[in-house]
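This report concerns only the one structure given below.
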Amino acid sequence: MVNPSLLIAVPLAFAFSIPLFGLVSKKIGKYIPVVALLINVGISFILIPQILKKPAVVSIGGWSPPFCINLVVGPLGVFLVTLISSIGLLVAIYAISYIKEEPTEKYHMLFLLLITGATGIVLTGDIFNLFVFFEILCISSYALVAYNKDKEGTEAAMKYLIQGSVGSSFVLIGIALLYGMFGTLNMADIASRVTSADPTFLFISLAFLITGFGIEAAVFPLNAWLPDAHSSAPSSISAILSGIAIKTGVYGVARMIYTIFNADGILTFIAFLGLLTLLIGEMSAFRQNDIKRLLAYSSIGQIGLIVFALGIATSLGVFAGLFQIVSHALAKALLFLAAGYMIYRVGSKSIDSLSGLGRKMPLTSFAFTIGSFSLIGLPPFAGFISKFSIVYAAIQVKKPIFLVFVVIALIATVIEAGYFFKVVQNLYFKEGKNVDNVTETSGYIIVPMIILVISIIVIGIHPQFITGLLKGAAGELLGRTGYIGWVLGGS
Amino acid sequence: MDRTSIKKWFKAPDKMGHKYSLWAVYFCTGCGIIEVPPVITSRWDAERFGVIPVATPRQANLFLITGYVSLKTLKAIIRTYELMPDPKYTVGFGSCPINGGMYWDSYNTIKHLDKYIPVDGWISGCMPRPEAIFIAVTHLWTMIDKGMATGYIKYREKYRYYRQNQEKLFGKLEWPPLYPMEDKNG
Amino acid sequence: MVIKAVWIIVLPIIAFIIGVFFLGLSRKVIARIHRRYGPPIYQPVIDLIKLMNQKSISHGRLFDMGVILSLAGSIVLVLFIPFGGIAPLSGSGDFLVVLYLMLLAPLGVALSGGEGANPNISIGISRKMMLSLGYEVPLLFSILAVMTYYKTTSLVEITKAQQHLSWGVIYLPLPAIAYFMILPAMLGIRPFDIVSAPQEISSGPSVEYGGRYLALMTVEHAFHTFIVLALFVDLFLGGGNPFTFFVKMLVVFLLGLFIHAVFPRFRIDQAIKYCWKWPSILALAGLVIAYVVA
Amino acid sequence: MQLITILIVAFLGAGIVYLIGKISGKARDILAVLASLIVVILVSLAYNQKIYTSFYPLPFLNLSLTLRIDPLSWFFAIAVAGIGFLSILFSLEYMKHYQKLDFYYSMMLFVNAGMLGVVLSADFLSLYIFWEIMSWSTYLLISYKGGKAVGAGLKYIVMSTVGSIAMLFAIVSLYTSYGTLEFSSLASLLQTASSGYILFLLIMFIIGFGIKNAIWPLHTWLPDAHAEAVSPFSAVLSGILVRIGIYGFVLVMYSIVGLNLLHKLGYGLLNFNYILCWIGAISIIIGTFIALLQDDDKRLLAWHAIGQGGYMILGISFGTTLGIAGGIFHTLNHCIYIALLFLVTGAVEYRTGGVRDLNQLGGLIKKMPVTFIGGLIGISGLIGIPLTNGFVSKWLIYKTLIMEKHPFLAFVALIGTWGTILSVYKFLHNIFLGQLPEKYKDVKEVPWAMRLPMIILTSVIILFGILPGIPLNVISGIERSFGIKPLSTIIFGMPREIGELNIINILAAIVVAGVFIYLIFSLSTRSRRVNQYDNYAAGSFIPKDKYQYSVRFYDPVYRIIGPYLRDVVDDFYYWLVEKSKSFFQGVRQIYTGNVNTYALYILLFLAFLIITKIGWGLW
Amino acid sequence: MSGIYNWMYYIASGGLILIGLYIVLVKTNLIKIVIGLNFIDTGINILLICIGYVRGRTAPIFSRPGISPANVVDPVPQALVLTAIVIGVAVLALALSIVIKVYQHNKTLNVTKIKGLKW
């Protein structure tokens, strides 16, 4: 069995080796993330079948939990790691020729650090360690948002940083409160003793944690950084932020609520929050004329849908939410990658200026179309399965309030359909104004997009590829006793 | 009135039909038309002779040229005459179509209508009384019976002559010739 | 079977005779109302013979075919409408078929006139269409009232139900009145002769017709008169044997003619408004009553 | 296996055509025609078979996708395949001057495949999947021409999305309640359901199918979409794609819910069927009378598509033998004649350089006789002139309405027909009759590839008009499969017990009368052939290009009823969209751009959580 | 008295956090906001420390004689604080560098005027 800690160690090690390789040759740097993530993808794919059979708990330093920092590689962890490293790999390939602004090795280093952070978040079993990885993710993403050093980027990074710092401070306060109550930092340990604590204090700690992770997860009132950061970052980073970073926030929220606190009472509120996020995201996206900002708001909406599905809290609901994570990660990464290169070729972010690109950049436009169709939830793409499952899960709980919720969610889908279809029409059916000497992309740009398109279609047509894994992951989130059992042994 | 004679009907139904069903195109060329309304309404009732006014030349076979013919009207007259189905009969009404009448020296009226279209009969006077129209109709019956009302045949055969006269007056006409221009009888 | 075959041949001839008779009669009657002497009653026959012998013009194949279709439609229609209880083809189609077959005649004229390529024709046909839209509203109401009342769509059945003086007009007076009010419009006589309106649009659809075309159109008009009157008699006046049937038709026709003789012409929008107002209200009331009663 | 083959051929055809198109245009054309032809053959081979296959399991939902063929699905499948084939054939020449043909042909085949999937699927999930595939490929095809078509496509897809979410909602609720989505098992399971639930299901499905079928008040996408799509696709769109909605209605109402349950819904005049009838009736009135006001030929036909949809609803919603037969038969007939009419407008566009304005055309009969005959027969079918197919189906519908004692509905249906006559005559007159403008002097008849589909459709209209027994036989099979008393048919009309209709006698009478009149006609004096300029113009020679009456053809009627004929629903939707847009604009003001505010949001959220906990103990 | 004495560090840390939050919420100068963030950080660090601190006990260095597990303070929070300080410094450095860039682009540090990205 491969040691899962390699998943964190490899990108970390490669990240810091980039400047060293830079001494040898300037050109090597951009290939390093690809190599690192290839290794990661390989490891995670090897791990999947093993983990599904038996979850692994890796203790650092040889002590047994709860007395050490440990990695818990359950189905959820391995699923998210696979997702993170796959999306990361594709974006890394894309970035090989997309990132031109010097100093590129810093970009690649930060990028790998971001991946490290994300991987660490989903794998760690220690709550403070979670915070540390969270900070790694956040700091590298602040820096990456400002990577282009232009007016918008720095402004967005500044705002992102302020909100993010407040958020991580809240996380830390929550952790401090937890530690004060239980005297341990191991999540399984906390979870096993959570009933012994004063519920009010417990809830205050949960509130701080939800708020803190909620900022990264971009739940409604906490998501003001997202449109700015996503729209101003380099497109590869937007793809990563949208595809991975906010998912880790969602993971944090879910882990806190389901596993640690077992806070059933708040789930309906969380679902409502998700719904609100969905609505506000889609409404705000509707009037956008900036393609990346539109995609960013759409991300908010989709995150709302994920949170909504997780809030349903049945095994099917969580399954649907996780499926939505996959389909959204694939589709949104694809959309940002495609849009990024279109913007690069055209030189403008406004939707109107993308008119007529269907003729000039057929593959990119096609990729964009598939991505948006999948997001809207049209068969036979991946988004359809997740949307169907979410609706099914929401109706299946047979609570009247969820019926109302699902109707509103479906209406939000119509709004989403409205603006995405408009963009697709813009690409294909409108006369372009100054797109005469625009040419199709090639090489490293097009490969990840093609892979994403194929995987969207394949998952849409044959969802069984991932349903097993997702079922296991959903089981892990809902079955907290199982989780405690893996980590602490016995019980 | 041999309208009820069955024998004649069997012998020459077409001739009888043309005789007793004279439909006049309701075309007002000049002052003479003022005599037509009394003719077709209750006072004189032309319908008892089978004469009724129709609105379009396509349905008519009797053409009353009522009064002076100015150049502009002549053009319309020619056009209308050419639209009428064969057999068709023309009657000049009043002295103006015959010789110009009181407009004999006008620069803008024609003096001899029969130079431009064939005319089967004339009613003289200025104005002729409505009764004169009935006399004309009965005369026309006789002429049709005897095969003398052949204006439409003449127009076909001497089309070149008529057309030349028309074009002398108007220059080139807008419409193509109705019949072939070569003269059959030289 | 043989009798039926004989009737199939004889009935159109009867209809033709009656129709042409009505045409001549109308000219004579109107003349007498105008205090004129009027033409002989067989004047339409003379006109027909003349028209057949005129060398008319044709605008094309459709110009010919439309006229033929129009007349053929009318002749076929005669076979579906019981004349004194005789309707040789009534087993092949009911009242709904009759309603639709009534479209063939105007359609033929419209097609043929369309190829005539004259705006007067187009205006005439457009008026015809609008007028028929106008009078169809009360007509359909009253027809539906009859069908609802007698619970059948078969004309023969409707006529049969009215034997022994239990005429439709007694049970359904309002639809009958409404039908009579729009009768002039259906016959195309004043005050509804907007379609042909010789003074305005040079007799409308027939502006390019001369000779044999006009002859066929005249015959068609004769048939049409017959059909409209026969329908009225069948629906409201209880049919009867051929003779009484003819008498009833004559009475209805004369009543219509009196209106024709003294009235001026409506403008088209006035005509539509008229049709949609009083006859429609009456017929609708009749329909409601029939719906409730039946 | 056979059904899977059909779908595989259909979908693969679409894909391969696109790829081949990159290599050679000619091969692509041939392949497209071939693929659609193979589908036609495969579908027709499935005649009178009963197949039920499960082709794709979805274990994580405990579902499997299934296909079936029964009389209903075969009936619609053959219509889909046939119309698809003919319009692709028509496209060969028509589309020559367009760009992006690979995309076009591929999408045409894709739409066809989607429709086939819809009609062949045996469970709601696969129906929904194919339905959505059909919807988005339609959207791409509607927008294909660019320009105004973009707006039309957007309108279509947004409304269609609304419809599909309604449908999705119903499907998922069905699945939640019964754990299966197969039609056959649902049909038996639903018999015990409460009528409130059935009503909810039906309303949801009616929204879903009704938007596609463009019943009032869900019709507003249709005129734009039909008018702006390319003509061969308009034929598919209006002919069959829209009518898949009718398939859905019939399926849900009779195949699944069943007649017994339907009659239990509502009391007296507030009966479900009766309300549906009135919706159909309003569609008829709105559709046919707004068509009067149109000056764009395709828009005119589009409004008729709405109106004729009303007839179908009127027919099927009664649930009597005659009514269902009439409704389904009218669906088929409509699909044939409206496809023909759209092809005709396509042919006219092709030769006149894309002119759709009825006021600029005229007199084309002299130049395009075949197209004219197509148009003539097409509008005859649309009106329902005897001897064309539309007559028989309309006859059935009227007969039902009168026999079921609904004279008011019958009145609406009949007056709708008269409105139809007005507008379609305008269509025919303004395109083909009247004076030929000088600029079209050199117009020629369309090439054979375009003539052939029109000829085929024309002859089918006549064939079904004279021998309605052929399709009615299939339809009575459909009724048998619903468990309704099947319609007894004879080949050329109706048996005596249903009503008096014998087309062959009418035909014989008309032919005999026509021949007789023709003899008389040719015995009388021959006429002289003249050209269009030899015409009565009150004595003057007619002015060229100015002697045509077409603008505001029915002006007096416009003046009377025009003010009432506004598409109020469309206005309402636009108002709604405008209001929502400004609302959305307001909503996104919360992202003020000021980082203090954002921090405040965060703090407020935290405070909200804590205060609700401590204050009310909410969680 | 001793109650307040016991809670003094908590109050101090809470006060620091609240002051920091106040700054972040109200102040418009970017540098001040960054300082406010640091206040929060510091406050949290103090909070962590006082959670682990037990009055009267000594540091857990077992190599020194006379130290038993019963009378040492919890060492974990101190380790945590060290990490947190490192993170705080990193964030501070990044924040300041970004602030410099923002100033270069906008020529102002007033956040109410830096609203290039909104809606």
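Per-chain residue numbering starts at 1, and chain names A, B, C, D and E are given in the order in which the chains are listed.
Note that in this section a contact is a pair of C-beta atoms (placed from the backbone, for glycine too) under 8 Å apart; a residue touches a chain by one contact, two chains touch by 3 or more.
This one's a predicted model, so the numbers in the text were calculated from it and none came from an experiment.
Q: So if I look at the partners of chain A and the partners of chain C, which chains show up in both lists?
A: The shared contacts of chain A and chain C, listed by label, come to D.
Q: Could you give the fewest steps needed to travel from chain A to chain B through chains in contact?
A: Step count on the best path from chain A to chain B: 2.
Q: Apart from chain D, how do the chains cluster through contacts, with nothing moved?
A: A, E | B, C
Q: If you tally C-beta pairs in contact for every chain pair, which pair wins? Let me know.
A: Contact tally peaks for the chain pair C-D.
Q: Using mean Cα positions, find the chain sitting nearest the overall protein centre.
A: Looking at where each chain's C-alpha mean falls, the closest to the middle is D.
Q: Based on the averaged CA atom positions, which chain is farthest from chain A?
A: Relative to chain A, the chain with the farthest C-alpha centre is B.
Q: If you average the Cα atoms of chain A and of chain D to get two centres, how far apart are those centres in Å?
A: The separation of the two C-alpha centroids amounts to 43 Å.
Q: Could you put a whole-Å number on the gap between the CA centroids of chain B and chain C?
A: Those two chain centres are 36 Å apart.
Q: Averaged over CA atoms, how far is the centre of chain B from the centre of chain E? Could you give it in whole Å?
A: So the centroids are 117 Å from each other.
Q: What is the distance in Å between the mean C-alpha positions of chain A and chain E?
A: Their C-alpha centroids are separated by 28 Å.
Q: Give me the residues of chain D that touch two or more other chains.
A: Only 534, 536-538, 588, 591, 595, 599 qualify.
Q: Listing for chain B: what residues touch at least two other chains?
A: Only 56, 58 qualify.
Q: In chain E, what residues contact two or more other chains?
A: 21, 24, 33, 114, 116-117, 119
Q: On the basis of the stated criterion, which chains touch which? Give every pair.
A: A-D, A-E, B-C, B-D, C-D, D-E
Q: Quick check on the complex: what are the chain D residues that touch chain B?
A: Its residues touching chain B are 533-534, 536-541.
Q: Over in the complex, which chain A residues touch chain E? Could you list them?
A: Answer in residue numbers: 128, 132, 135, 139, 142-143, 146, 149-152, 154-159, 161-162, 165-166, 168-169, 172-173, 176, 179-180, 183, 185, 227-228, 231-232, 284.
Q: What residues of chain B sit close enough to touch chain D in their complex?
A: 27, 56-58, 75-77, 79-80, 83, 173-175
Q: In their shared complex, at which residues does chain E touch chain A?
A: Per the stated touch rule, the residues are 17, 20-21, 24, 30, 33-34, 37, 40-41, 44, 47-48, 51-52, 74, 76-77, 80, 83-84, 87, 90-91, 94-95, 98-99, 101-102, 105-106, 114, 116-117, 119.
Q: Can you check the complex and tell me which residues of chain D touch chain C?
A: Chain D reaches chain C through residues 363, 365-366, 376, 380, 383-386, 391, 395, 398-399, 402-403, 405, 407-408, 410-411, 414-415, 418-419, 421-422, 425-426, 428-429, 432-436, 493, 496, 499-503, 505-506, 509-510, 513-514, 517-518, 521, 524-530, 532, 534-538, 547-550, 553-554, 556-557, 559-560.
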